[in-house]
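In the part that follows, the structures are each spelled out as structure tokens.
One chain, chain A, appears in both complexes that follow, with chain B as partner in the first and chain C in the second.
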Partner chain A sequence: MQNFLYPITEVAEKIEKFRENIIVYVEPHQIKETVKLLILQNIRFVHLTAIDFSDKKNKIELNYFFLLLKDKVNIVLKVYVDSLNPTISSISDIIPAAIWAERECNDLFGVKFEGHPDPRRLVLSDDWPEGMYPLRKDFKYNQKPPQEKKPFLLKKPKEGTTVIPIGPFYPSLEEPAYFRLIVEGEKIIDFDYRGFYVHRGIEKLAESALNYQQIPFLAERICGICGFVHSTCYCQAVEKAADIDIPQRAKFIRSMFLELERIHSHLLWIGLAAHIIGFDTLFMQTWRIREPVMYMCEIITGNRKTYGINIVGGVIIDVLPQHLRDLENIISDIEKEIKELREIILEDDTIQLRFKNVGILEYKEAEKYSVCGPVARASGIKTDMRVDFPYAAYPTLSLRVPTKKEGDIWARTLIRLDEILISIGILKEILTNIPEGSTSVKVSKIPSWKEAISYVEAPRGQLFHYILTGPDGKPYRWAVRAPSYQNYQCLSILLQGATIADAPLIIGSIDPCFSCTERYEILDIKNKTFRIYSLQELECLKAR
Partner chain B sequence: MLKSKIKTIIFLSKHKRVTRYYPFVPISPPENLRGRLEVDPNRCIGCGSCVRTCPSRLISIENLEAEKVVKFSAGRCIYCGRCAQLCPEKAVKITHEFELATDNKNDLEILIKIKMAKCIICGKPFISLNMLNKQIEKLREKNEEEIKKLKVCLECKKN
Partner chain C sequence: MKLEFTVASAFVNLFIVLILSPLFDGLTRKVRALIQSRVGPPPLQSYYDILKLMGKEDLKSTINPLFRLSPYMSVVSIAMASLLIPIGSLTPPLNFWGDIFLFIYVITVVGIAIIITASASENPFAYIGASRKMMLHLSVEPILAIALITGAINAGSFKIGDIVKWYYTNGPNVSMVLATVCVFFSLQALIGKIPFDISEAEQELAEGVLIELSGPKYACVKWTNMSRQVLFCLVFTQIFIPWPFTDYFLINVIISLLKITVLLFISSLIEALNPRLRIDQALKYNLTLALFSLTSVFLALLRL
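Up next is the complex of A and B:
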């Protein structure tokens, strides 16, 4: 047993080790103690999710997922709470990264967290009736509960401050979210967020109506930009749970598309960031460079986006030799262009004036909020799931993890520019090393009650899928935590002290993906108490 | 400042217009594009393999008196092509047609009817005609007796 586990043995009931996971069973009243001991070991919070076992043992199982980067192990704390009165003390005051996850558990499972700093609704819409918990097993997936109108509890601004609402349709990223900036003059002093307007009930649908081979296509639709990471992560989780070994060629094809996706996603972000500061020439040019990548994906898979090639057991298409040749030409072309683009960005004073020393996230805060991806790397946290928990073809590929210490938007931009070039390097390696062979294996029955954790380094950061296989040919629980879900929570730190004009840029700089974060269900919210800024008004604000 | 702007101008001048004149000039889709579904009623044996595999759950099979009705509510289709891949008879085909915009969802619906064969003892329809013909074809010895055996439904076989 590893050294770091010694202190926990006193509070834990039972400790099991399974592959790279250490499962610790804890009594509900000991949870805070255990987390306090764990936090001394520099663990990172990943996710908190619940599994409803009320029909079997009258319990709800809470799973706290932690990650110990230096030992490369997952620590899963399992706590059983009574399903009739599920209460447990909150860990949000020790780990702020768990604020959203606890609110979500409260919404979807009805678990009450005592001492939670912000126990408002997160996921469920405001007209959802009290006492209905959609992810419990007694709730049917196609059930429509009666509406119950209630206003959403908004943060009360202090006297002398003004509230500037942005949304419910966020103008610069063109997605639904409602930000409230509480300002004193030009300075933002507090921030409130109401999102989850695109909650689609995906986890519930997968758990109740689909089988293992249908879910990859649903998983791919979680995100509109980086959907392939979700289907890969889901398939890897099921393959891990069922001990399926997929052919090497399938692994390489998966890695290839993951890298292509990273390239086009980062280029999209650079374009958007340029668009937010009004540098539309750069926006057009980055998106022009991005186009051949999308076109190449279309030629190989048939789709520009949402390739639909992942299934449990491999991929359903094969890459032809002429495709590989075309891809090689295209990536060497765009490599040249990206280098030119990089020079333009690096030397442009306007961009630097807008990006440097804006939206700073210190190393300490980044650790506290367990942020991931380019945001974490720009703040000095060296984390990349491709290196920490290598999956697909990454164990055989060489890659470098760029880090920066500044933690501002400029650092995030440089990291993303660097990552595009690294991805091109990885693609070249894949193209020369891709092995011959079949691309999928036949999957027979998937054993029940097996669990698995799978990570993928998405363009926006660490993506986490958890699966518990069920007895009837579908998962009993499938939990998804998108990278933006974690990165969102540090926005309050980033925005504090910034000016209103920088707010759209700061929000944009974490590359938020709304549909990833809010993987659930559509229900509308009516809130007319505050004046909503129009796009023109916001553009005026931005221009100032 | 000026230097980077000059660089930008040089960068821009290297590239011509990249947008295309679509829809005035039609474009040819790539080879692997998955477009509108096409179902061949003469090939379908009504096995239901597509029903089980469709991620959108849009295919349904209804058993009527003398025929099976296979319905593809393709307005909900995500064009994954799994039905075509797993169809044992290659009755479902993916075409390259992608301009499917319509104001009526039902335009995309595909309905096919497959005839059922009747049991020669009780007279109840029990198997699709295509499936029966396929089974007869597969027979090693094509004598009358063997063929007759296939034309009897499960219940009558038991008795």
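Up next is the complex of A and C:
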């Protein structure tokens, strides 16, 4: 057992070690002490989620997921609270990164966190009735609760200040989220956020209506830009839980699409950042460079986006030799263009005027909020799940992790530009090293009550999936934490004291992905009704 | 001064500034589209836009009469200002009663009208847009005023016609060259295009000053903005670079049209190849330029 665990042994009931995970069982009243001890070891908060065991042992299990980067281990704190009166003291005052996760747990499981700084609703809509907790097992996935009209409590502006609303409908942020900027002149003095307008409850749907092989297709629809990371991360979690070893070729194909997705996602971001500062020429040209990547994905999988090729046990398509040749041509073309693009951005003084020293996130704050991905790397935190917890084909590939110290928007831009070029390098390596063989293995029964944690380095940062397998051919609990979920929470720091002109740019600079964060709902615009996929429809989607 | 000349040249000025301005706007949109690897709208698109908006419903977000009237005031002021610029010959149509102070006053009214519209609309985005526009106007219009005063000191007259005549016959001196350069560098801010479209910044303020406008009012303000673009280009080409001039009225008009086409082309290049500045950065730029243009007044006083 590692040294850092010695202090915990005094407060913990039981410590188990399982692969790279250390599971610590703690009494509810000891949680704060344990977290305080852990934080001295420089741990990063990942996620907090609950599992409802009301019908089995009248308990709700709270899982606090932490990550120790230097030892490359996961630490899971397991706490059992009574399901009739689930209360526990909040850890948000020690780890501000847990604010959202605790609010979400309160919404979906009804766990009360004592001493939480902001106990408002996060996920549930305003008209959702009190006392109904959708992720509890006694709540049916197709149940329609009665509506209860109640206004959401928003921060009130002080005297002499004005409210500038950004969203839910806003020309440069075409996503449903409401940023409430309280300003004095041009300066932002306070900030409030209301999102999750399109929460669908994908997790609930997966736990109650779908089986293991259907969920990858649902998972891929979590995000509109980087969906492949979700299906990969889910499949890896199930494969880990069931000890399935997938063929090497499938691993390479997964890595290939993950890198293609990173390239087009980062190009999309650069375009949008340019659009936000009014530089539409750069916006149009970046998206033009991005187009061949999308085209290549369409040629190989049949879809520009949402490839639908991941299943538990591998991938369902094979990459033909001519695809590899086409891909090689395309990436060497875009490599040239991206290098030119990089020169243009580096030499443009006006872009630097807008990007440098704006939206600075110091190393300390970045650690405190456990931000991830390019935002963390721009603030000097060297973290990349491809290196820290290598998955797919990454153990055999060489890659470097760029970091910067400045923590401003310019640093984030440079990091993303660098990452595109690194991705191109990885793709080249994949193309030369891709092994022959089958692309999937047959999966028989998946054992029940096994758990697994899987990470993927999404374009926006560390993606986390947790799975607890269930007895009836579907997961008992599937938890998703998208990278934007964590990065959002540092916005209050970034926006404090900034000007209105910089606000959209700062919000854009963390590359917020609303659909990932909210695990969204399908909106049928024609009938203005929410629609949840039925089993047959998902079968159809899978067949396509 | 003959009456026929006044009527004919007034007609030409109004035609160029009001009727041709959407065409020039269409051209700049096309240029921008080509730089951005797009097909772009047809050249007459800006006419279609204005006509469509004219027929749209006019939503009244407030009962404030200022909000209702000021968009129309801005079009009228643009039309008036256009009559003070020499196009067909060296004297403007209204040379007998208009001097540089009237001209500066009238073009300020254009901006003020839009600021009033925005402030009357009671929208926080419009408020911020209006305050930004005010700051921008206060920082950029002195540059033009100082440049015109430099010309007036050189020519010994406040009339625009006299200034142009003096400049045309005597050629440039140090002070006028400095004034011309300053006006050229402030042109993008005078027109209100990227990097200086801060008051309308779509991505930051959701069109700022224009957010509450709809229907005919929006059409008027859009039209004003297009006409203002042509007007300021004319100010630069006709007052600060009055060459070449011929004795024929029609040829002069064609030459001036060519000159503003070139100028608008340069301006849309700048627009396409630059991001928007923040208001503090724009103010810094304008104030530096204003200091430079102040030196031109002293140089003019020293007869340089």
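Following the convention adopted for this analysis, the second predicted complex is superposed on the first by the 518 of 544 C-alpha atoms of A that agree within 3 Å, B and C clash if a C-alpha of one lies under 4 Å from a C-alpha of the other, contacts with A are read in each partner's own complex, and residues count from 1 in each chain.
Quick note on the criterion: a contact is a pair of C-beta atoms (placed from the backbone, for glycine too) under 8 Å apart; a residue touches a chain by one contact, two chains touch by 3 or more.
Small disclaimer: the values here were computed from a predicted structure and weren't measured.
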Partner chain(s) touched by A:His275 [first = chain B, second = chain C, both, neither]: second
Contacts of A:Gly308 with chain B and chain C, given as first, second, both or neither: first
Which of chain B and chain C A:Pro504 touches, first, second, both or neither: second
Contacts of A:Leu421 with chain B and chain C, given as first, second, both or neither: neither
Chain B versus chain C as contact partner of A:Gln213, first or second or both or neither: first
Touching partner for A:Glu291 - first (chain B), second (chain C), both, neither: first
Contacts of A:Val387 with chain B and chain C, given as first, second, both or neither: neither
Partner chain(s) touched by A:Ile94 [first = chain B, second = chain C, both, neither]: neither
First, second, both or neither for A:Met132, with chain B first and chain C second: neither
Chain B and chain C footprints on chain A, overlapping residues: 281-282, 285, 288, 348, 350
Touching residues on chain A, where the partner in the complex is chain B: 209-211, 213-218, 221, 281-282, 285, 288, 291, 298-303, 308, 316-317, 340-341, 343-344, 347-350
Touching residues (chain side chain C, partner chain A) in the complex: 32, 35-38, 124-125, 127-128, 131, 194-195, 197-198, 201-207, 272-281
Residues of chain B touching chain A in the complex: 1, 3-5, 7-8, 11-12, 15, 18, 30-34, 52-55, 57, 78-82, 85
Residue numbers on chain A that touch chain C, as the complex places them: 162-165, 170-172, 185-186, 274-285, 288, 348, 350-351, 353-354, 499-504
